[in-house]
């Protein structure tokens, strides 16, 4: 597929200038300039429209009358996402995130990064379906993956990964406790309720469904204990279980906010350290901006932080640690 | 509409003195003096009675026999709220919140503030319905907006706004995770359960209803998976999802309390800074009181804080930052 | 009612010694000595048996065959609780909690304290029912109040009161947000679902029941939206609401643990301050023990803390603030 | 039962070397070397297979056709777990956890530790069923206990125990509040709903089932209030109760993560203290490693921490407490 963007007309210098402008929009500015806002906003809108299309197409009352419309919209989306993917690969060496690596190495790193793989799987199924006959319903699920393209504009995955890594041991411990509780609750309830409700509690597997529904406090009510013993056990399990099952969730929640605060602190410390001698030489500024980009903070945010720290440094007679006037 | 309050009889001096007394009750003292307590308490009571009236009027068993009563109560409420609104606008330049601006500028700021708009929309529909025929049920909803008039007496909206702004990135990340989880859960469950329950899981939109009901742990039980695969997936979604959906809630909760504490600390720091030289000159006191008013703290609270800080300042030989004896 | 405990035989000295021994068991030691453990353990057991009796008596299958047994147990309970109440009043001046006041003043304070009133209402209904004919079912509820007698052995009420006071503004703000959300959700859902389900959503009051069941995530499923618009609104309300309704709960939870930690820190600071000059004179020790008693900490716990602080003080060359070796 | 592992062939020296190698795999390395990973991974896999077998065997559609397979798998599991148990006892004196005690004392301590008892009860029922006729369903529950063998590889139980101990008072207070709320809610709802639904609310015990289902927000919907008064009370209970019942859970969750962080800090402090004089002599290293083992941290983790602290110590001119440049 000969893509005109890949071999633009003109001299190498013009090509390089174009690549830099593309990189500015797709990698660096994002929401800083008007043009970047327009282009990235359109991509985000198209992603959301794709998600709605997947939902609408599953309803036969909409899928059948508007079949042509859905097919054309899918075609348009694939074209746009393919263009975006190729331009992202092409402009990667000028982007802030992988720009410190060599041209081809940076592209390689992007292609096998989480976002690069998502961008690929957002379009691959379409091209695959042109070659092979694939189950349409399975394709639909894969098209839903396009919502993950939004992570390009948010550091969610990174924050999640860091929280999971730091709290790994605690989460594993809490999860083991939770799984044990579900299993014991299911097993005991099966013993107590199986004689009274041989249909509803026909096996421990069925009782596990009841235990999961109960301990997550979802409580559909499709299976409930009816015997006195079953209800007594149910009360004990509910009261104890609510705490245990909420443990991993509450832990994640508490650390999630902390992690984002820690990121900001880390960047601030880096800026303060770089300014130790009163000046921020280009190498230091590049290092700070790279850290900011890794943390998903826009360049403007980083610049503001640097200005603030510079001013702080000027005010003499401060405690170097807490910043209070001595 | 010639309002007698707007052009009170008497000399300009008498008028000014009256305006100041009105401002004291409606803007500054709130719950400090007996008269302010009476007047503001009556307004709060009327707001709550209005909410109850809206609820009661929706029940035909009450609406039909007591129709005249409801109409008269509505009339009384509109009169009182209109008077309150006009007096608030009139006395605004003497109020603590916008008093530092010019007379007309302060009124302008109030009219387009959140509380000003709510005060307007609490009465506007009534006057509109005199001129145009409006759907009565829609009017009822607008009358319910009167409950938001209570925010005049509480800084809730401000605290919420600050929390949302500070935790914006984290909340956006958690919300994206939540929405993705709801969509994937719905899509997968639709694929597994649609063949077995073509009615209940007739489209992905229906499955989204199931996913939202499940992941928020509401669990009505009107739609539940019945196949083995659906139940297995349901268990996985419930166990994973409880954490994800609880994330934004738990984060908001944790920061909400912090924010209110931060407000108090900010004011205290301001007071301490103003007392640096041992005296609090009128300009400093005005600045502190203005900050207190912005934070929704009554003047009495601020005065107490100033007294405390003054005493602290007298005790020599202390670290000015941590207050410990050196 | 001439109570033999009130006028014990013997000289005033003997009487005073007896009162001191009673106070030691009922007020001071609680779980420190074997005798105190026996007596207080029996009272706790009797309270729990009372609760079980109230539950069991509501079931006609137990109430009718064992009527005599229940009546006798009630008689025994009232006798024991009356004795306990009178002895608590009598020995109050020797107790650690109110002992610093005069004899009659301390008794007065106890009688009108939370625990004193609970002790009174635990027995008063019985004596009242001897004089007047009272609804038996109402009496049963009052008998359930006896479970609150357990607060004598726990500082729950105090901790709750302090948390509520400190977090009052934040809780009020969150509660206002919650009530507003419930009302708006109910009102909008009533408008959308009333035409489709005139029975289930017959009035806003009914819709409030739905909104409360949904926003607390209880989700019985007795009333659910069935229209497309109703389900869409339901999803929005569930996702937004879960956070808002969880706010007060999560805030209370977070501060509850902090409060208990703060209590311990406060006592430790008091001990450290009293030991500033290296010795703990009797007046200081009394002040510390009084604070410990107010915080619901047993004397033994306080003594251990004093020992620890004394040892810390001996180690010279420490930073007086953080306790680390310089 | 003469076990060949207990009296291995060869000289005492060879026996001792073998015991040390067994101890390295079962007690010390766990996941550090390839051999240890293989052996411990197999044990964990067998435990998980056992849990699945218990679940599958409860379903008659699987239990009857595969009866022989299940019996053989049970036999294999018992043989492996018995071997593991005996080798664990035998190699205990060379293990890191109890190795500091004498040979027999360390074994004694292990046998009566939580993990030792679980290892015993994982196999005991099988041998008991060979001697006595036991209810098969009861045996199945006991076989589920094997999941607790996983705690050998995780410090969950220890962390839980420490959290419960430290937060004991707060949890007791919150639990008392919760139980009181459940009882009062049940009692009041029984009074309001019993006349309208004599079947559903037939006794306070039944109402307690409703209260527990509601206050834990499980909300099955099998029993719900239908009267106006009952629904009003229900709303109040739901709104108040959600906070109270969530208290113990949220408190546990908050402290759980803190506890794991505190463990790491404790170990770090120990390492830093041991390095006070710049060197880590063998006795200090052993003490640090023992603490690490008690906290469930692998030796490699501890070594990394020591390296880090050593490097920190070399950098002169730092505050020894906060690590900031002076």
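For this structure, a couple of remarks:
For reference, chains read A, B, C and D in written order, and residue numbers begin at 1 within each chain.
Operating definition for what follows: a residue touches a chain if its C-beta (ideal position, glycine included) is under 8 Å from a C-beta of that chain, and two chains touch if they have at least 3 such contacts.
In this text, all values refer to a predicted model and were calculated from it rather than measured experimentally.
In terms of the stated touch criterion, the partners common to subunit C and subunit D are A, B, listed by label. Note: the chain lying farthest from subunit B is D, by mean C-alpha position.
Equivalent interface to C-D within the set A-C, B-C or B-D: B-C (over half of contact pairs identical by residue number). Shared numbers divided by all numbers used gives the overlap of an interface; between subunit A and subunit B this overlap falls below half, so the copies present different residues. Across the two candidate interfaces, A-D and B-D, the one carrying more C-beta contacts is A-D.
These two copies of the sequence, subunit B and subunit C, are related by a rotation of 90 degrees on CA atoms, to the nearest 5. Taking each chain's centre as the average of its CA atoms, subunit A and subunit D sit 32 Å apart. Subunit B and subunit D have CA centres that are 45 Å apart.
Each of the following residues of subunit D touches two or more other chains: 208, 217-221, 246, 249-250, 254. If you check the complex, the residues on subunit A that touch subunit C are 217-221. The touching residues of subunit D, counted against subunit A in their complex, run 51, 54-56, 58-60, 137, 140-141, 144, 147-148, 150-151, 154-156, 159-160, 178, 208-209, 212-213, 216-222, 245-246, 248-250, 252-254, 256-257, 260, 322, 324-325. By the touch criterion given at the top, residues 167, 169-170, 172-174, 176-177, 179-180, 183-184, 187-188, 190-191, 202-205, 208, 214, 217-221, 224, 231, 234-235, 238-239, 242-243, 246-247, 249-251, 254-255, 320-321 of subunit A touch subunit D in their complex.
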